[in-house]
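Same chain, two partners: chain A is paired with chain B first, then with chain C.
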Partner chain A sequence: MESKKLKKITAVWIIVVLTLFVISIVLGILMRLNQGGVLHHAPITFYSNMTIHGITMIGIWFVAGMAGINYLMERYVKTSYSANLIALILTVIGVLMLWAVTLIGKFHTAWTFLYPLPLRVMWAQWATPVFLVAMSILTTGWLIWGISMMTQVLKKYSIPQAFAWQHFKKDPAVKTPPFILISMITLVGVVTCLLVAVVLMALYFAEYFSKGSFVNDALLMKNLTYFFGHTIANEMLYLGLAVIYELFSEVGEKPKWKTTWYVALAWNFTLIFILTAFLHHLYMDFVQPEGFQIVGQIASYMASLPAAAVTVFSVWVAVYRIKIKWTLTNLLFFIGVAGWVIGGFGAVIDATISNNIVLHNTQWVPAHFHTYNILGNVLFSLGFFYWFSIQFTDKVVSEKFSKLILSLLIIGGAGFLLAFYIGGADSIPRRFSNYPAEFTTAKPLANIGAAFATIYLIPILILFYNISKRCLKILFPSS
Partner chain B sequence: MQQSSILLLFFFLMGIALIVFTYIYLSSKKADQGMSNPLKKRFWFFLILTIIMGIFASVTIPKSPYFAFADKTPAKVIHVAAIQFAFFLSEKAIDREKPSGQQIELPVNEVIEFRVTSFDVNHGFAIYDESNRLITQTQAMPGYVNRLRYKFEEPGKYNVLCLEYCGVAHQLMRTSFVVK
Partner chain C sequence: MLKNIVSLLLIFSFCNFTDAQTTSAALKEETNIYERVYDAPLQVVGQQSATFDELYAQRPVILALIFTRCTGICNPFLVKLKETLQFKDGDNSFRVLVLSFDPRDNMNDMHRLAQNLGLDGNEQWAFAITENISELTQSVSFDPVWDSARQQFDHDALLVGINKEGYITKKLIGLRERGDLDLLIGSINNVFVPTYRLPNQNMLFSCFNYDPVTGKNKPGLGLIFLALPAVLTASLLISISLLVRRSRRRKVHLN
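What follows is the complex of A and B.
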């Protein structure tokens, strides 16, 4: 009974995420076409689209990761269906409110809603408080979900066991599955950043309702905003990795991955780096304490070491000269890891302060984070979605069709991303609705980006149709 | 040119990643003996990466803008105030109630200090040279003054763009100054 409910709610999550993904990609293509001079939207329309595009993308792939680990966590511990359902309901409500706020209210602070921009009302008066309420609703739903999953893990595993500390000794009596370790570490980060979001919202509400007597500190708010924003995006990726640690070997019909002392060490250290890396968003705020800036670069650099030496290397060990059963699922995982690595190069380059001074807020920034997503984390989640959908329905996507899907994803993704990387190297600013005439490469690159994004959209539509159809069968089994 | 080296480095690393991943994928089609000595290889991989990152960190961190010309006295101080949607540049402190600016001319090969603030939301103070290349920047924050020190080695006209999204006319915010 319980697992039937979990199956169905996971199917709902998948359909919701994929639907919003398709719509958000279309919004993104419209944005690039506007920047390319093909479309002529008013700047307010561009920036409202930009705001909801960003919020939706981060939101959906975050909940996709949470839904993925919730579903797989049931293999190890009993998870709470109510928490999952509450999160789903509050997510849908929050997202609908945010779509109203941006598309109807013309709220356009960008997804980072950097203080004090949300309070400088240049849109419908109701949009600011509704935005703050919507963010609070999302935060509440996700906190309930995250805390619930952590609690369920801790009912079976003690704290040291959940963090796999017993693996630092030889032959531990209790073994912590890698999936539990990574989920736990990631959920700590998720819950922490959501708690910071609560503080951020409280400070916003205080100022909003104070009629001018309470004014926040811009530097503090920036730190809080980026702690929340960076960390949730980073953890979104690691939720996808938890799924890979659990499923990669299984899908390839190979022995399950085990937690070793270096897996435990790497993931425990990762927690420290994830919680401090956000400081790299404030490099150009010279009033930020210097020590924090340096910690930002070091933490950002160090975060790549366990990622590369443990996760990526483990994927290589699992594949190199091993006759794996390759299916669409593990191919998506494998290509996603490559995309994540390449995005990581772009990120580490930008996380170097002496580079950041000429890259910050140029197109290099959307270049690297779109790499992490469209050819990284999105593929992780699509792998999970596809794997889930074929568990309970028959017929899989043919090998030829899989090759077509993957080729279009790679070609479309690569072209779209290269336009951004070249744009960044050309010093083209990000978040501009239209480009100053002196940036002669800006418009062509925008149109090239739009064209390749459209190529990327094709396999996404195919997968959307294919996976949603299966998920609908799971929700409404034919009599 | 810094941006060219950055792009080249990125393409080089991307190329290596693509080759490695493709090679590993293709290897899985053939034999079935796995990687020999994976733990040893993993250790060396980690060590080499750590050394490379360590070198990059120690070389680049001292080049951070916070330390630039820290021990020098600037030849000129320029006050910058950003608002939605304009910049004011002045050799005098800018009055918040009646902000005003002036045409700015800076000496070449001298250390200049820009004291940058905002009177409303976050903006970016980003300086572009005559070939439209971004050469330096800092944030303009309400309630704070960011001090950016720079030495212009080439005379000419430099443009300033807003590089922190600030609202509906963000893409129109600009100013310029001359270096002689």
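What follows is the complex of A and C.
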């Protein structure tokens, strides 16, 4: 079972993630208010905020997923506390450096840091190397953590068993739990995209220190950036799904879900195709060969649809006409799956070449990725955080605020997203610090978005307070 | 006919010269793109004085920088430009502005140049001088060097494409063919212009290497970097699995 040290480190992860989440939401609201003309930040301030907002959100929900699966993995295999601790320390160092780089150094390339932006210094001279070092530190910590968990799984399961290939035959001798299957599939993807980040950082460093004697190929750098960025943003969703496969039935007091041939097949599809889906970010790059663009579209469908289909089917079968115990945890999971599917649908629309010509770089893009994050992945992790926090409390936890929390999350989240979707359908470009008068709906939509985001922030603050309070008690039991 | 032959001979005789110039580190086609050109006051032959922004606001401008006492590239450069632009005769979507960067040139010199080229009164062409030439040349990164021995400027053959908002959208160095000029005219009219990077010896890991002869891309070393992480992960997975199995066997053996 879970050790005391694991309990404590998971509590620390949760507090860190929630604290940074609240700050990042505030930054997001400030950005929307600036786009709406209510605030008048300098463009550099806007883009610095956008950079730190993006990097922090991606980073925290990735580590939230990792912390979640690390905690639950202890049920099946012994995990490494040291790797977990190293990841925590390096994450804190990396995040502090990134915040310094953006807030003090005014580094503002957006979290995608597309080549050659980081090397075209328009900020403090020190910011670029520190940014690259911070990214390398984060990559190192997460790589150690990912490889460590992968190793622990392989100590108990062979490669075919870890990927549940034996389930393609009838009555397999060894049954792979869905949690292990999805965790393993995801960890392989995570390690791959982190290795991509290593290559990317090495190429950036090479150009930075060569002083012009070595330059990078923009096409290679863009491919690598999205191979890393797109993949990690998707893998963190799958980390959350692994948690759902483990906890959804358990919280509802129902038998555990089992791996079937179609679950195994769908997730193996995800493993293969998620690594090439990033190519849809390069549809507008005419120098990318057409074959790659076609692979990008096919992979985008194949990576998401099978996994979504089996997950929705599993959740539906688990709740349809079945009396289960509903708690805030599985309600967050349930709504999260709906948000993930809706956002995923928006993503597949955008990943279709004929649509991308219209939607590329419009507000449709933040619309879909915010959908599967704020109403998807975030809820997966919040569900886990809540479940974790009530495991070790002696008091009976009242769920009287659950309905209020869920209602505000849905109303706030849906309103915030709708402002983005309508903006996208109206061809309003994204990433503008201020909108010219020609985009007549851009400003009101931005302000509506900010207002609904503030509504979304209220339940987050309630959860932050309650969960953090319980996590602090886990950390300091005597207090 | 004779004029054409002489022009061609002159062009060929200067080809090597222009090639040498294009490799100069200071002048690159990529510099100043999407930067504003300096708004210099102009004296235009046969027209009223105007500022540069008044000129490009009427229609996009292709700026050609020359000097009338030039014994080098200027004449073949302008002759070639005139001939190549014949495919755009009567097209009023752009104007070629021939601007002297030599302070010694006056309006008479420029008028004579226009007459010699047979472009006097041509709506598509304008010949001008300016008092603020150094600011203007600086804004397009054009840096002629005075050679006192030859009493000539050492300079490149540069065309600068400027759109109606005054932004530099494209630059062409050297004597260029119709296809390049077509792209230049497209870019100053805000039409998307596909381009490919210039060959660079310092770029070791390209995904694809463009072959200008065949017009095709060949796979480059960079593609290996795209596949490498997946190969490394697979190797890592197999290695860990083998190591774990070996250590398990050793433990069983010891027990």
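Following the convention adopted for this analysis, the second predicted complex is superposed on the first by the 469 of 479 C-alpha atoms of A that agree within 3 Å, B and C clash if a C-alpha of one lies under 4 Å from a C-alpha of the other, contacts with A are read in each partner's own complex, and residues count from 1 in each chain.
Heads up, the rule we're going with is that contacts are C-beta pairs under 8 Å (C-beta built on N, C-alpha and C of every residue); 3 or more make two chains touch, one makes a residue touch a chain.
What you are looking at is a predicted structure, and each value in this text was computed from that prediction instead of being measured.
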{"item": "Combined model on chain A: chain C and chain B, fit or clash", "value": "clash"}
{"item": "Which superposed partner A:Y47 touches (first chain B, second chain C, both, neither)", "value": "first"}
{"item": "Partner chain(s) touched by A:T140 [first = chain B, second = chain C, both, neither]", "value": "neither"}
{"item": "Touched partner set for A:T79, first chain B, second chain C, both or neither", "value": "neither"}
{"item": "Contacts of A:S249 with chain B and chain C, given as first, second, both or neither", "value": "neither"}
{"item": "Touching partner for A:L219 - first (chain B), second (chain C), both, neither", "value": "both"}
{"item": "Touching partner for A:V341 - first (chain B), second (chain C), both, neither", "value": "first"}
{"item": "Partner chain in contact with A:I298 - chain B first, chain C second, else both or neither", "value": "first"}
{"item": "First, second, both or neither for A:V287, with chain B first and chain C second", "value": "both"}
{"item": "Which partner reaches more residues of chain A (counting touched residues only), chain B or chain C", "value": "B"}
{"item": "Candidates 98-106, 170-178 or 242-250 of chain C: the single one with C-alpha clashes against chain B", "value": "170-178"}
{"item": "Contacts on chain A seen with chain B and repeated with chain C across the two complexes", "value": "217-219, 286-287"}
{"item": "Complex contacts: residues of chain C adjacent to chain A", "value": "194, 196-197, 200, 202-208, 217, 220, 222, 225-226, 228-230, 232-233, 236-238, 240-241, 244-245, 248"}
{"item": "Residues of chain B that touch chain A when the two form their complex", "value": "2-4, 6-7, 9-10, 13-14, 17-18, 20-21, 24-25, 27-35, 38, 41-42, 45-46, 49-50, 53, 56-57, 60-61, 63-66, 84, 120-122, 124, 126, 128, 132-139, 141-148, 159, 161, 163-171, 174"}
{"item": "Complex contact set, residues of chain A against chain C", "value": "147, 150-151, 154-155, 158-159, 188, 191-193, 195-196, 198-199, 203, 210, 212-220, 223-224, 227, 275, 286-287, 289"}
{"item": "Chain A to chain B touching residues, read off their complex", "value": "43-44, 47, 108, 110, 112, 114-117, 120, 122, 217-219, 222, 262, 283-287, 290, 293-294, 297-298, 301-302, 304-305, 308-310, 313, 316-317, 319-324, 326, 334, 337-338, 341-342, 345-346, 348-349, 352-355, 357-362, 364, 421-422, 424-427, 429-436, 438-439"}
